[in-house]
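Every chain is named by a letter (A, B and C) in the order it is written, and numbering of its residues begins at 1.
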């Protein structure tokens, strides 16, 4: 009787009363058995007893720590335990994250990981594919809601050959990922992509529109291609009045590489910098054209504020919000200082032969040395859930789920606060170009930004700078064991 | 326990038993200090030597013995030699300027002007400021768009366009040397001023009466008295300048490009950003060997000019 | 002529003072400015001073995850502990090197002094690895012991110089009277050594308070010190000058005040007691 009781609903159409009794008893028995199993499994989960708190390492404004901090009380209510949050700015964060993982420390259960770090860390971050496939743990995950391009670029790697991409499908399917030999290493949290921000008030000013039309014969509007970009920037530049066309981040740092690879993609080159054959793909005619264009904006046309050759994310954000420039390209929404009267609107970056704004996403991952992996996984599920992300929009979180973008579009309060930012963010993510997956991307990055910075400062011609960098990159790739195929 | 005075400084030499008791006591008194220094100097060096012969990348697969490969890699990288040169340049420039300026300021302060006390008190201040803090402050002040330095230079008509201090190698060098000079010249000034205050006045007066000019007075009378103090300032500043990390890290992080990268920054990057511990250890050992040669020379300077090394 | 030289000398000195004081005064000034005008150019001089930056810093209303005031407390603990431990090791060591004669003394003495050549960035590597393996990251000892070690060479040398300047006859007389060694050290030498102990402690304490690299590498949050906290005041949205300068002032002020008050001791220490 017990065995048959599991075959619920397979009975013949005509049920005798006895059979009905049997099957209802069976039903009850079966339900009872299932509930025991369920209780047993949740007891098994609860056997990894709920911790009183978990430690989380996070970025600061780069990944919108304000949103996380604001969500902590809700987390406590929903999950029943605390999160001890440590936040650090980018450089310190990277050093700390790597140091923790390199030394096998179990201190941080949850760690934020930036995309370029992941190839080096596949042996230290816990793959969560199995937990994702476990319906008991991941019933509410709704993994298909994650933007596929973002998800694959950020979270899916092969453990031992971390340079391979999984982009064989348009849908996030954990089973297919596993079947392909890949693993999921976290859940994307904050998606960053380069967007163009501009002073709507300046662009809509009739006097400006008239003057621009007279000067160029075209209408003043957010530039659609790079030629327009240069023209608009020149139009708005008036150094005597402390106003420039745009910011550029040509300082020696990762940001310069990101600026350059965006332009490289825009000019028709390979925005990944290193192609699948492990060749440096930026020392090309497109690369030289892109870098020349960039350098000319700074030195010939002088449409950028002083200090551009040592500018990074924070300088350019301050420049724009203080009203020094009419346009800027950055990764988050911007607001103007109280003493600057204007409005900000957004657009996708200009298109050249192609379009490929740099993108990179932060994800929440489980430390493979953590003693609370399951609970850490539940926690990151909660933080990346649609509900939490939607609520975090008010704190300018860049969501990674399609449904949250829809929610943003529908919410008038969001448009009022952020203008068309989320709309543009979504559109830009769809065309974004990520980084090459290299364990020593940091060094490759450095070679490229040194080249960009040298060219921008006039210390080298674009050709020479890129040539020097590609030579270095070739050596670096060889050193890291990547053989040119 | 009565110790024989013979085993003490200033006593008469005596028996071996007393000497060995002195040795036991000596080592006993030294042991806490030696223990701490063992933990922090000897043990790390042993570890570094061990690791420098291995490929130990903490993020990758386990470690393997690779012999002298790390050393070859480190010594054949031309970037490392360029950075070594930068390090020496930084030390020579900074220390020379600090000693020169420090001496000048000390001489001026020694004139016992009415405001000497106030000035001396205020000059001591940069000494106490954390190098990281002063580097951050300098960075903010040198910002071409918002910093006060460029703003006032422009308002006073000294420059027309703002200078991108940290964006050009030349001015970035000015910045790191300038920071070091700002931070540590007062240190040198104080030491030399203390020395000057000990220079007796009679020989100077006598020589002045004999018609000696201020320059000869300085060279033949003041300077010899100052030698121990210059030696101390030189030795201390030189070795500290070689160890500089925080201020350059925060001010330029070795940039623009790699123009202000000193060896310490390389070590940090290789060890704590790439976690290539083997290569870092090899570079560290080479650097330590170099520094011990320098240290020998500095000890010689100290020994020749002061009595702080004497028994 | 003499007054011309005097006048020139004073001019140079005041210019030098202006250069020395400019960053310090800027920090102080900006810390009392409301944050929305702190970056304004031309600089705003006419404003109502506010303590808002200080309250923000001390109550944690900044975008760093920790309250800066807590980091100051950590700095105090680490500095005091390392200085005291350093002293406890340095005084006997200095005494041994100054008064006793035994084989290997000179070599040991020179070796102790030469340990100051060790760049912290080199010694942090093994310390980091060993500390991680032992689970000592972000604990008090992992900072206190290295800081004690950093200060030891200077402390020992300063105290040694000073002990040598104490006339030996005092101790000799006590020994002839049968006073024990320990009592001599404690009751006779130590009191005479007090000014030098103050000097040595000041300089070692300054070193510990201002140290950055070890604190950056070896702490997370439980033991993080002020200099590391200050370096975190810049981020992607810009540097908040108001809170940065307030935090800097809070970090720097205690050292500056103590240094000002005890500057005689500082100079004494720096010149190895050569000038009193």
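Please note the rule applied: contacts are C-beta pairs under 8 Å (C-beta built on N, C-alpha and C of every residue); 3 or more make two chains touch, one makes a residue touch a chain.
Given the structure is predicted, the values throughout are model-derived calculations rather than measurements.
Counting only chains that touch, the fewest steps needed to get from chain B to chain C is 1.
Which two chains touch most often is answered by the contact tally, and the pair is B-C. Distance between Cα centroids is largest for the pairing of chain C with A.
Computed from the mean C-alpha positions, the centre of chain B lies at a distance of 15 Å from the centre of chain C. In this assembly, the C-alpha centroid of chain A lies 43 Å from the C-alpha centroid of chain B.
Residue numbers of chain A whose C-beta contacts span two or more other chains: 95, 99, 102-103, 315, 318.
Annotation for chain C: residues 39, 128-129, 217, 231, 234, 239 touch two or more other chains. Of all residues in chain B, those touching 2 or more other chains are 58, 146, 272, listed in ascending order. In the complex of the two chains, the chain C residues touching chain A come out as 36, 39, 63-66, 128-129, 132-133, 137-138, 216-217, 220-221, 231-232, 234-239.
Here chain A touches chain B in the complex through residues 94-95, 98-99, 101-103, 120-121, 123-124, 251-253, 305-310, 315, 318-319, 324, 439-440, 442-443, 450, 453-454, 457, 459, going by the rule given at the top.
Those residues of chain B that touch chain A in the complex are listed here as 58-61, 143-146, 150, 161-162, 164-169, 253, 255-258, 272-275. Within the complex, the chain B residues that touch chain C are 1-3, 5, 7-10, 19, 22-23, 25-30, 32-37, 39-41, 43-44, 47-48, 51, 58, 104-105, 108-109, 111, 113, 115, 119-134, 136-138, 140-141, 146, 148, 151, 155, 182, 186-187, 190-191, 193-195, 197-198, 228-229, 232, 236, 239, 242-243, 245-246, 250, 264, 267-268, 271-272, 277, 280-281, 284, 287-288, 291-292, 294-295, 299, 306, 308-309, 311. In the complex of the two chains, the chain A residues touching chain C come out as 58, 60-62, 65-66, 85-90, 92, 95-96, 99, 102-105, 107, 313-315, 317-318, 321-322, 331-332, 337-339.
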